[in-house]
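You will see two complexes here that share chain A, one where it goes with chain B and one where it goes with chain C.
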Partner chain A sequence: MKWVATAWDGLSGHWGVDHPAVLALLMLALLPLLATPFRRGGVPAIALIPEDRVSRLMSAALRLAGMVAILALVLGMAGLHRREQSVEREGTGAHLVLLLDRSSSMDNSFADRAPTGDQESKSAAAKRLLTDFVARRPHDRIAVAAFSTSPMPVLPLTDHHAVVDAAIAAIDRPGLAFTDVGRGLALAFSYFSEDTDESSRAVLLVSDGAALIDRRVQEALRDAVARTPVHLYWLFLRSRGSKGIFDVPPPGEDTPQANPERHLHLFLESLGVPYRAFEATSPEAVGQAITEIDRQETRPIRYLERVPRRDLARVAYLIAALCLGLLVIAKLAERRLMPSRLPDVRASAIADEPRRAA
Partner chain B sequence: MSGPIIRPPHPTPLPYRLRWRPEGIVPGAHPGHGDGAEGEFRRHVPLLRQPDPRRIDLRASLRDPYGDLHVRQFAPRRTVPVAALVDLSGSMRFGAAVAGRVAELCSVLALSAVRSGDSFALFGCDAHLRDDISIPLSRRRGLEEEVRARLAAAQPAGLGAAGLFEAAGRLPARRALVFLVSDFLAPLDETARLLDALWRHDVVPVVVRDGAVEEALPNWGLIELGDLETGAVRLVFMRPGLRRRWIADALRRREALGELFARRGLRPLDLKDAFDPDALARRLMEG
Partner chain C sequence: MTRRAHLIARDGRFWLLVLALALTLAAIGAPRLTMAREARDLILVIDVTGSMNVRDGRPGGPPATRLSQAKEGARRLLAGLPCQSRLGLGIFTERRSFLLFEPAEVCENFSAIDGAIDDLDWRMAWEGDSYVARGVHGAIAMAQGLGADLVFLTDGHEAPPLAGGELPAFDGEPGKVAGVLVGVGGTEPSPIPKFDRDGREVGFYGESDVPQENRSGPPPADAPSRAGYNPRNAPWGGEAATGTEHLSAMRAEHLRAIAAQTGLGYAALSTPATVISAVEAGTRARPVEVRVDTSALPAAFALLSLTALFGVGAAAARRDPVHLH
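The block that comes next holds the complex of A and B.
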């Protein structure tokens, strides 16, 4: 009996009706087994009728149509629907955290000046390109976090890309003062702490600068990365004149204080997880970098797709209408065997004759 | 079958002839066995062979060059029992055949039998002999009305006509003229057994047929049919091909039945669609 219960759960888990009491009428579906829409005529012996498979098939089909019509009508009246549910699907994509720098320098153009005319601020460019990026990856679960003086959780990992788009659209709002990359990263990693999926996880850090990371924060980050391995991408929006992350400064000047970007790069490399840094000096370079990330993060991913409740009453009525139409056509095609005559008809006709003559 | 059955006026008695000589002692209308003093002239015999001087045929005796005396010999006129065995199984319900043409036929037979001095008996049989629809041998007047009323009131029902065998046992021991009224839809070997049970009698099979299930079939359409005996239901999708097969089947069945009758020297009488007194008269006069 266990499998019965399981099967029932499987059925009732996906399907539902609005008025269960109406389902009692389903018993009426047995009626076509007992009666047909035709007027039954007598025949002296069934053996007079030649054996005919087409007729038998048609008979079975009409009975079936009757049963289906009643079933569909009752289900339609009961308000059959498929419940809202989530379906697990496979696609390619990743769980992605967009970690966005909201420091005020992001509002400048790549020339590190307030944008004028046709120039685009770094945040605007990032917003445009990230919007495209998100649109190209429909199956990703994406979280958004921002950091400035302190980290700001914006959006947890979610399937709802409309919200993600809105969150990205908000990054070109005027920014705040400082850049606290370390705690931002810690926040980004914390998004994955409860993510037990086997999908690929990635953190995309978009910033135009870096700062010193506290040693304790460094330890915390190493710890978090060890627990949940992630892919790290750093999209470094390099302003003109600032130091690059790949440039090796002359000896003596190579201190974290003087070159925070380079040392952040070194620190991220030392975490022991797949890591790539992209140094972008123009919107086009940002585009290329994002294309590259897009190409890298294409592991298969399981994701849940939510399917809204679907009313099936209309479908049920349609099926019922089709079946009833079939039955009506059959009824219209009905013929009867007319026995040659009924005895009293002729007899009374004869009896009438002399009376009329008289 | 609503409304009273208005009987056709003036049922006419039909004369009938036999190809054989009935036995018995009751004087009747048919040339019988043996030699008698009256009746139908048969031959002249010498006086010495039949010493009955009252029947001396003077003219024949004078014509005889040897001068023998000739006595006229007659075949005695005898009655013949006439019986109608009516199949009242469910299949006879089709087209109200029993209350209609079968009742007409039997009433004409009863009238003809009574008018020619013969006795008539009616046996209605479904699975058993139906006593309420049976009339023992009788020659009383008004018998035809009684026969008609009983058959008109009969509700054919039941499975098979095994009662016909019982009726065969109830028939008189001497040869009788038996009208076996049935649709003969039973299996052929059962019909053959029934005919064997009636071996003693002169059997006229009256085949009740209906054109509605043999020829007057629609070309197209759906018909739902229920067997009047077994109640089995079948939906039939009529189309020209099936119609041809159906008609061919009916013809084959008729031929097989005709062969069965022919092998026993019986000539069936078709009672199709309507009772035709002229056809019956022709058939009866053929003997």
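The block that comes next holds the complex of A and C.
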């Protein structure tokens, strides 16, 4: 019975109908077994008719034609189609989680003040450049997560970039107060916990600041990275005057509380996975960093290319028309068994009143 | 006319066959008509505050939190929207509606949007407060900016309660943004689950755990009659406020008041499918053109004539015995 289920899955996975209720009419296909469109003629004894395989085949074929015509019409009416299919192809790309900072400091310009007319806020710059980035990487599967005061899953991993664009478009809306980057990273890693694919996995963290990561969250992050190795990229949108990730402060001031960005950088380096940080101080630098990431993440990926649905109703009607044409031809070729000596008048009288003639 | 042609011409079954063939050919050549359907552009905002964790699932059904009911309703809505509709998703907590993604086309992005709704969790909330009226006002402004209509799923539980029980002022234009408030939850006050720092459930909120009265702003008019009232030292009276704010029921009256203030519609979520009818009644439709195939109509008549052909034949075969000419 297993092969039946497999076969059914195969069928239902590739084919579909729009109106399944119409399929109840398929029962009508039994009618040609009960009746024929041809005249029935009686003979006194079956023994009179010689055994003729061609006749039998012809009779079966005509019944079959009637059944197929009905089946095809019903399937056509039910909207038979081949479903949208996915074809697996190889390309370059990655499974990518965009982890976006939605804290309100992202709404400031790179000079860390409210943007004036000709300046771009950090979030607006990030939005523009990330949109370009996504557009340049058509084969990536992308998920989006946001973090601020709390981590927020926005989109699961998806091939559909229109909705990813919609999620990126939302990042320049007013943000929230805090930057809980640790739990944000934990959320980003969790996207890969069930991802068993061979392809390259990357997390792109876009933020303009960092915060202390709780020791317990740090441990959880180390665990998660050990389970599913990822590539980490941190695009740090550095505002003017704020501390950089790579600056080493004088001894005694190098505490995580005073330099959370630098210590987040050190922590991410210590995770033991490929990691790069980009410090972007202007929209142009952000663009360069994204180009660099684009260059790095070019491992082969198997992606699904979609073949659109194909309607088969017309094909079904064509088959029905062929069967019906066959029946019409057969009907035109129909002859009556009758004694040749009978005059025409009687013949037509018999045709009119076959029941009485019997 | 020859005898045979005459015979065929007088045979109804022949004409039924020809009719079926002609109709089938007509079905093959049937035109695709352009018809207008009603697509919608929506922003769906779901309340994820603490009171949405109350498990007062549908009567008779299994216990379900209000949030999971709201999510189920939202997913039904997503599945029920015609193609070319667009849906954006936001969450409400504290006093803000927070946009997760802007409206995106629902058919193309179905699984992603469905997954995003499914991923909504009370842990996304960043504060225990729940200023529903302000959240609705914010969501209206957001929807207006996006040119979409608003669907706001909430239980209407304000925490802390509104000062003096009055709605905050709405500075938008009522009715400018169409939309609907969908009330989630039962009408019986139920206890609100309480979670510890790690997200484990540790019981329910008690009377003293939540503010029972909003003591910001001027004191209410009845304050002088309260026990222990002192205009300077105890303007709200001398005793701690008591009340039932630690229990939560769906505040239909409050939601109706917000709806009236902002020109939105209101509907209670009795079954998941009510979201769809509420949205159809309360939001604007955008006519979009879809191609409709008309081939099923001639095909149906072709099938009818074939059924007549074979059906009559079958009935006749049953009725008369085989006859001899």
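Here is the rule we go by: the second predicted complex is superposed on the first by the 229 of 358 C-alpha atoms of A that agree within 3 Å, B and C clash if a C-alpha of one lies under 4 Å from a C-alpha of the other, contacts with A are read in each partner's own complex, and residues count from 1 in each chain.
The rule is simple: a contact is a pair of C-beta atoms (placed from the backbone, for glycine too) under 8 Å apart; a residue touches a chain by one contact, two chains touch by 3 or more.
Predicted model, so just to flag it, every value in this text is computed and none were measured.
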Looking at A:T36 after the superposition, I want to know if it touches chain B, chain C, both of them or none. Which is it: first, second, both, neither? both
Partner chain(s) touched by A:V97 [first = chain B, second = chain C, both, neither]: neither
Given the superposition on chain A, which partner contacts more residues in chain A: chain B or chain C? C
Taking the superposition as given, does A:P44 touch the first partner, chain B, the second, chain C, both, or neither? both
Figure out whether A:L237 sits in contact with chain B (first) or chain C (second), or with both, or with neither. neither
Identify the partner contact of A:V154: answer first if only chain B is touched, second if only chain C is, both if each is, neither if none is. second
Which partner does A:L205 contact after superposing on A: first (chain B), second (chain C), both, neither? neither
First, second, both or neither for A:L129, with chain B first and chain C second: neither
Touching A:E334, do we find chain B (first), chain C (second), both, or neither? both
Report for A:A321: first if it touches chain B alone, second if chain C alone, otherwise both or neither. second
From the superposed pair, tell me which chain A residues show up as contacts to chain B and also as contacts to chain C. 36, 38-44, 334-338, 344, 347-348, 350-351, 354
So in the complex, the part of chain A that touches chain B is made up of which residues? 36, 38-50, 52, 54-56, 58-59, 62, 330, 333-344, 346-348, 350-351, 354
Touching chain A in the complex: which residues of chain B? 1, 3-9, 91-96, 99-101, 103-104, 183, 185, 210-213, 216-218, 220-230, 232-239, 242, 245-246, 249-250, 253, 272-274
Which stretch or stretches of chain A touch chain C in the complex? 25, 28, 31-32, 34-44, 66, 69-70, 73-74, 76-77, 79, 102, 144, 146, 148-156, 158, 160, 162-167, 169-170, 173, 176, 178, 311, 313-314, 317-318, 320-321, 324-325, 327-328, 331-332, 334-338, 344, 347-348, 350-352, 354-355, 357-358
Interface with chain A, chain C side, in the complex: residues 3-4, 6-8, 10-11, 13-14, 16-18, 20-21, 24-25, 27-28, 88, 91, 96, 98-105, 108-109, 111-113, 115-116, 119, 121, 123-127, 142, 293, 295-296, 299-300, 302-303, 306-307, 309-317, 320-325
